[in-house]
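The structure under discussion is supplied below as structure tokens; questions concerning it will follow.
A, B, C, D and E label the chains in the order they appear, each numbered from 1.
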Amino acid sequence: MSLFGGWSGSRGSFFGGIHPPEHKQRTAEEPIEVVPTPAEVRISLLQHLGAVCDPLIKPREEVHLGAEIGRSEKFISAPVHASISGTAMRATVATLPNGRHVPVIPIRAYETQPLADRALYDAMLGGSWPLGEAEQFEPGEIVESAREAGLVGMGGAAFPTFVKLMRQADQPVDTVLVNGCECEPFLTADYRMMVEAPQAIVAGGLLVRRALGAQRVLLCIEDNKPLAVRALREQQGPGIEVVVLQTKYPQGGERQLVQAATGRVMPGGGLPMRVGVAVLNISTVAALAAAVYRGRPLTHRVVTVSGGGIRQAKNLLAPVGTSYRELIRLCGGLTPDAARVIAGGPMMGFSFAADDEVADKIPIPITKGTSGLTVLTRREIQQAEQTACLRCGRCVDVCPMRLVPTRLALATRANRVSLLQRYHIGSCVECGCCAYACPASIPLVQLIRVGKIQFQNP
Amino acid sequence: MTNSRKIRGYLQQAWLVLLLAGAYGGALAGVQMTLAPRIAENRRRETYQTIPQLVPGADRERTVELWISDREGNPARVYRTHDAEGRHNGWVLPASGPGFADDIGLLIGLDASLKKLTGMYVLDQRETPGLGDYIRDADFRRQFQGHAADTPIEAVKSDPQEQQIVVLSGATVSSSSVCRIINTAIARMRGPLLQSQAAASAAGGDAREQEL
Amino acid sequence: MPDGPTASERFLNGILPENPVYRQLLGMCPVLAVTAAMLPALTMAAATAFVLISANVIISLIRGQLRPHLRILVFTLTIATFVTIADRFLAAYLYEMSKVLGPYVPLIIVNCLIISRCEICASKQTVRVAVADAVGMSLGFTLALVSIATVREVLGSGTWLGLRVLPEAWPNWGIMVLPPGAFLVLGLLLAGVEWWGQWRAERAALAVASVSRSLQGQSGGAAREEEASSWKA
Amino acid sequence: MESLTLLVQIFVSAAIINNFVLHYFVGICPFLGVSRRVDMAFGMGCAVTFVISIAALLSWTFTYYLLRPDAPLPAWLWQRAGGDPSVAIDLSVLSYIMYIFVIASSVQFVEMYVRKFAPKLHKSFGVFLPLITTNCAILFACLIILRNLQDPAQLWGPAEALTLALGGGVGFTLAICLMAGIREELELCDVPRPLRGAGITLLVAGILAMAVMGFAGVDQNLQNVIDAFFN
Amino acid sequence: MGLATGDLGTREVASRSGGLDATTRLGVQIAPSPHLSDTWFTTQRLMGEVLIALMPVIVMAVLVFRWNAVRQISLCVLACLAAEAIFARFRGRPAPLHDLSATLTGLILALSLPWSSPWYVPVLGSVVAIGLGKAAFGGLGCNLFNPAMVGRAFVMLAFAREMGASAYVLLDSELSVVTRATPLSLAKQFAADLAAGRVTAGEAQVQMEMAESIWALLIGQLNGSLGETSAVAILFGGAYLLIRRVISWEIPVGILLVSFLFVELGHVFELTLLGPLQHLITGSLLFSAFFIATDPVTSPLTSKGRLFFGMGIGFLLVVIRLFSSYPEGVMFAVLLMNATVPLLNRWTVPQPLGGPVPAKAGV
């Protein structure tokens, strides 16, 4: 925490940012545990940004692990696959933690599953991965595999991966960034992946490089994860190298990562492609390797269940569609002082009602983009009393997008749309740094979200 | 033809304005005629009232207003004072200049030979109430009496020497402004006044008669 | 025209309900500049009243002959003439006071109060109404000047109209006779008048509201509950 | 040199210490009315500075040659017409009427000129021009010039008149722009209801007036220093 | 890091209509992200840290001015707290006394007063500071002008005699420190002597140095407002604030740098007898640089803006010290620059990373 921290924008770091307590030690040493097949999974037909899939199966139809159960003809979409073997039920609607109502297909599990426990782990992540064979594939093949496997960004955004892998003649990509920063407190899912399956990640990275025709792959890791750095360094080869970045939230943010790792600055509102960069999460990259080399669609993912409100924090390899309730149950349930259940990390995740009454009626399923489940205790979410804005400028100092959050919040309160424009509301990524740092405990992110709505519908 | 119609059109439109302008002009002329002497008298009285204070022994009624060109050739008003017997005994110079808040207007009394300051009076001021406006006080004004008129006067905080006065506490600017105005005014008028005196005495006649 | 306010209404309006300073924010310049003490304030009020009444009378007399595009010209000419008369008069008979008031007497010419009364009232009404209006407005203006001057003189010098009202030990607040004091006092008095108006309006509204609230109380609660439940989904 | 330092003094005094708005209270109406947006305030300030300069030069000309007690033109005409040369002609009673017409016509003239030759400029501050006629700052500048021309002892030249006007205009612009910024800020604040609008504006003006009082004496000391430097 | 903003929208409207912290069911709360906050650093803590940093200054004030300092400080703090409570009552709100801001205002006001001012000066100053400086704008966070400086300027202009240079000096006092004029008044006087040609530059310089050695200025055995006697005490407090990151470095650096440069310039042209270093450690320059100008509420938001703000104060301060009739100009400079803060904020809106989002791209 240097005195001049606010000014730093050098390589390896970015402007602004905060240093929340990491809380990762609780699960960092917990090996990935395979979830026993749940009795029922509810697979959302919308796991990604883009169009909703149409169901491909009828109620009562029998499906097997990896069978395609939904797809869409729209371009920006990704098919969904059955994550367990069982009987499909009638589609219903579930509300995801982000508030979206989506159609889900419940699948009742068979007694016996083709893959479980260690076998499942080995099939998904274990074993050895071919590191030198990426060049054998045509770029188009890789893209097609990614599309068929239903790959989406697993860092949270859930953007269909194959779109990122397609070469654009006018915007060639020379650098692939594999994002292993995992800057959210508590979460260690990506960390465990890096420690346990570095080969899969490197193999996947090389596939991305092949698909995009890029020169190099940079595996970006924060300097608080030395084990992961070592594991990946052992696998690094020509065209693929590990880059160690400063530990700072939101190092894993796309714009911040691009700036920190390559020194390039993405233009406002533009994609990384504009500066010749592609950014993929390490889990996504590993899933790509599984799709290409082992023909496995994306059906399982690693989820960290942590926080002071969980009895036994764990890293779990869970089928997509497992309910959060199930995950909580597997981790020994909630402690009595659990106060907030959050899908994702505490900085950007969505809190939702996970108490027994609601969860029993409508179990909320995890999706491909769910990286963790954080349960915070009353003490952890404790906030100072909200006071008036002191204009101390801390939010300005920490904003990684160089905005003036307090202005945006005040303008929102006063409903002044012209000010929202002047202070560039459109650039806010809602990373939460400002609200974290605010000594007056003003819900800045919240107000800015409201401001965005005011701005769009003045 | 068209011209005359145009003129008639204008007249139709503007007769009221012209009429009013005429009426108002007349009214103002009347006001000016009636009140101008009175206003001039007010101004004169304001100055003349203080003359006995400024030049000891001066007779208010025998004071003469003169216009003399200053050092740079601009006309300036001065008062030549006489005692009860009609002997020339001093000069009064009106002067003004910037003070703390606004212009300060002063009257400066000098002896007949222009060697000594005999008094100072504040005509106009808008200095800080309770602070700078104490320049009007007799105590402050008395300090100026008796200083030589050929060297500048300055304001000091304490221990006044020759040609020095003590500033009002807390109102340095007002006090030094007064000094500055006095110095400037004397510097501007001393030469011309001495010249006119010399001319008058050379002519041997009564200066008063000449100037009138 | 007969529908407009009557002469007596206009007279009363000017004093408080449409007070030129507190309600219409007109003629602020002299209100701030000459209110360091009561005497100049009263003199200024009298001068303004003289100009306002005279101008209103003249404009009202010639209102039938006014051409729209020459209207403002006539107003300005009239006002400037009367201001000149007032200015000379003060210089002749109240010389000391005219020196204190300085440029603020001629500035009456551009006092928006006068031209707005000529425009709004005098150019459309009979002489009687115009005079009543002008007198009312003048009284309102005087009231404003006097109120501010009272505060400033009492706090700033411990006197009122030159008479000592506070004990000799009173430390004079010099700032009150300085420009900042003028702004602060007018600002606070303005807020006071505003607060009084709001308080009265609220009290009037309260009587109406208490009836309707007793009727609507229940349904309002139900609506809130409904709203809350709709978000639960 | 002396005249130049006098100009410096006049300018600094009019722009800051004896600021037209914050010290002499002239131009309060636009100060309260137009100071809601910074860009509008700046436009108004520019328009006032422009008009005040023109009006000052014009009224100086009229006053010097026509209206002051010893003005040359009326005396010359009077004598040409065969009047008694010992009778002093004093037209100063007409000064106020003259000024108000000078101001009104210079506003008209400026508006016509700007509309014709600088339409872009007209777009940005043309709307303020008609409002300026009743801005007392301009008449006030004319009156100050009159005061300094009535006393033959310190006759102002056109340069002094123009400097006063520019200083006054700059000071007005400064005050109104600061106030506009503050008022924009206050819209985001929870100002007590009775104070909203004119009340808080006046209080802020009071604080600003306190702040500029701290500069009292700067104009003269600056003048002294420059004088001393050149001597 | 991606966001489904459209979805957030409906939820946020929902939670907004039900208050910002939405629903609580069976002990599990739903609230918008982020779910963590820096609980160490709060408004109260911010003010508390400044209070801690003020301790050395207060101790020095009490050591030098004895019970005079105790009297001024307690009067100001009590009056500020009372005023805060009363004005909060006017608006029917609970008095926010525990946020310590009123206490801080009272302390800073007290430390900027001369030791001799009669009781009504601190009391009226406090009431004006809280009433006009803070409550009129809508309370803490809305005050555009530094409340303590508003109060100080008000009493300065209201009671010119009780606050002027003569208020600092009492020749036959038991406190030896108050028998001499304040360093800045002395400097003005010597400068006048020099300008009048009564002394040569060298003599004046010697006189000045005799009167106030740099050592005395640093340690603080000399006359002045309560809080400005010891430069070392202020530097300690300032360093504490900087290290704890309570204040940003831009404002003190801006003030000190610019005033140093301009005083040096003035010194070269013999406008002032004190050298730049002496100017920095006399009067309330240091105190304002660390404690007054850095008030977060009344200084700009962005770091560029803060730098300009500091530089502006430094410049105006030197102008007032060298040219105006006041020996010290901190409060006027601070108030004037406070007025420019909205404009500075407007002009220093930073460009977002990578430039603003083009209008077509949407939010």
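Just so it is clear, contacts are C-beta pairs under 8 Å (C-beta built on N, C-alpha and C of every residue); 3 or more make two chains touch, one makes a residue touch a chain.
These numbers come from a predicted model, not from an experiment.
Chemist: Give me the chains shared as neighbours by subunit B and subunit E.
Modeler: Per touch definition, common to subunit B and subunit E: C, D.
Chemist: Of all the chains shown, whose C-alpha centre falls nearest the centre of every protein C-alpha atom combined?
Modeler: Closest chain centre to the overall C-alpha centroid: E.
Chemist: If you tally C-beta pairs in contact for every chain pair, which pair wins? Let me know.
Modeler: Highest contact count among chain pairs: A-E.
Chemist: Which one of the chains is farthest from subunit A, going by Cα centres?
Modeler: Most distant chain from subunit A: B.
Chemist: Nearest whole angstrom, what separates the Cα centre of subunit B from the Cα centre of subunit C?
Modeler: 38
Chemist: For subunit C and subunit D, what's the span in angstrom between their mean Cα positions?
Modeler: 25
Chemist: From the mean C-alpha coordinate of subunit A to that of subunit C, what's the distance rounded to whole Å?
Modeler: So the centroids are 66 Å from each other.
Chemist: Could you list which residues of subunit D touch at least two other chains?
Modeler: 23, 93-94, 97, 190, 192, 195, 200, 203, 206-207, 210, 213, 216-217
Chemist: Going by the touch rule set out above, which residues of subunit A reach two or more other chains?
Modeler: Counting only residues that touch two or more other chains, subunit A contributes 388.
Chemist: Would you please write down the residue numbers of subunit C that are in contact with two or more other chains?
Modeler: 77, 81, 84, 88, 174-175, 178, 180, 184
Chemist: What pairs of chains are touching here?
Modeler: Per the contact definition above, the touching pairs are A-D, A-E, B-C, B-D, B-E, C-D, C-E, D-E.
Chemist: Across the complex, what residues on subunit C touch subunit E?
Modeler: For subunit C paired with subunit E, touching residues are 171, 173-176, 178, 180, 184, 227-228, 231-232.
Chemist: Of all residues in subunit E, which touch subunit C in the complex?
Modeler: My answer: residues 14-15, 17-18, 23, 118, 120, 132, 154, 157-160, 162.
Chemist: Of all residues in subunit E, which touch subunit B in the complex?
Modeler: Subunit E residues touching subunit B: 160-161, 164-166, 188-189, 192-193, 196, 325.
Chemist: In the complex, go through subunit E and note every residue touching subunit D.
Modeler: 90-91, 132, 135-139, 141-142, 144-145, 150, 153-154, 157, 195, 269, 271, 319-320, 322-326, 329, 331-333, 335-336, 339-343, 345-346
Chemist: Name, in rising order, each residue of subunit D that touches subunit A in their complex.
Modeler: Touch list, subunit D to subunit A: 187-188, 190.
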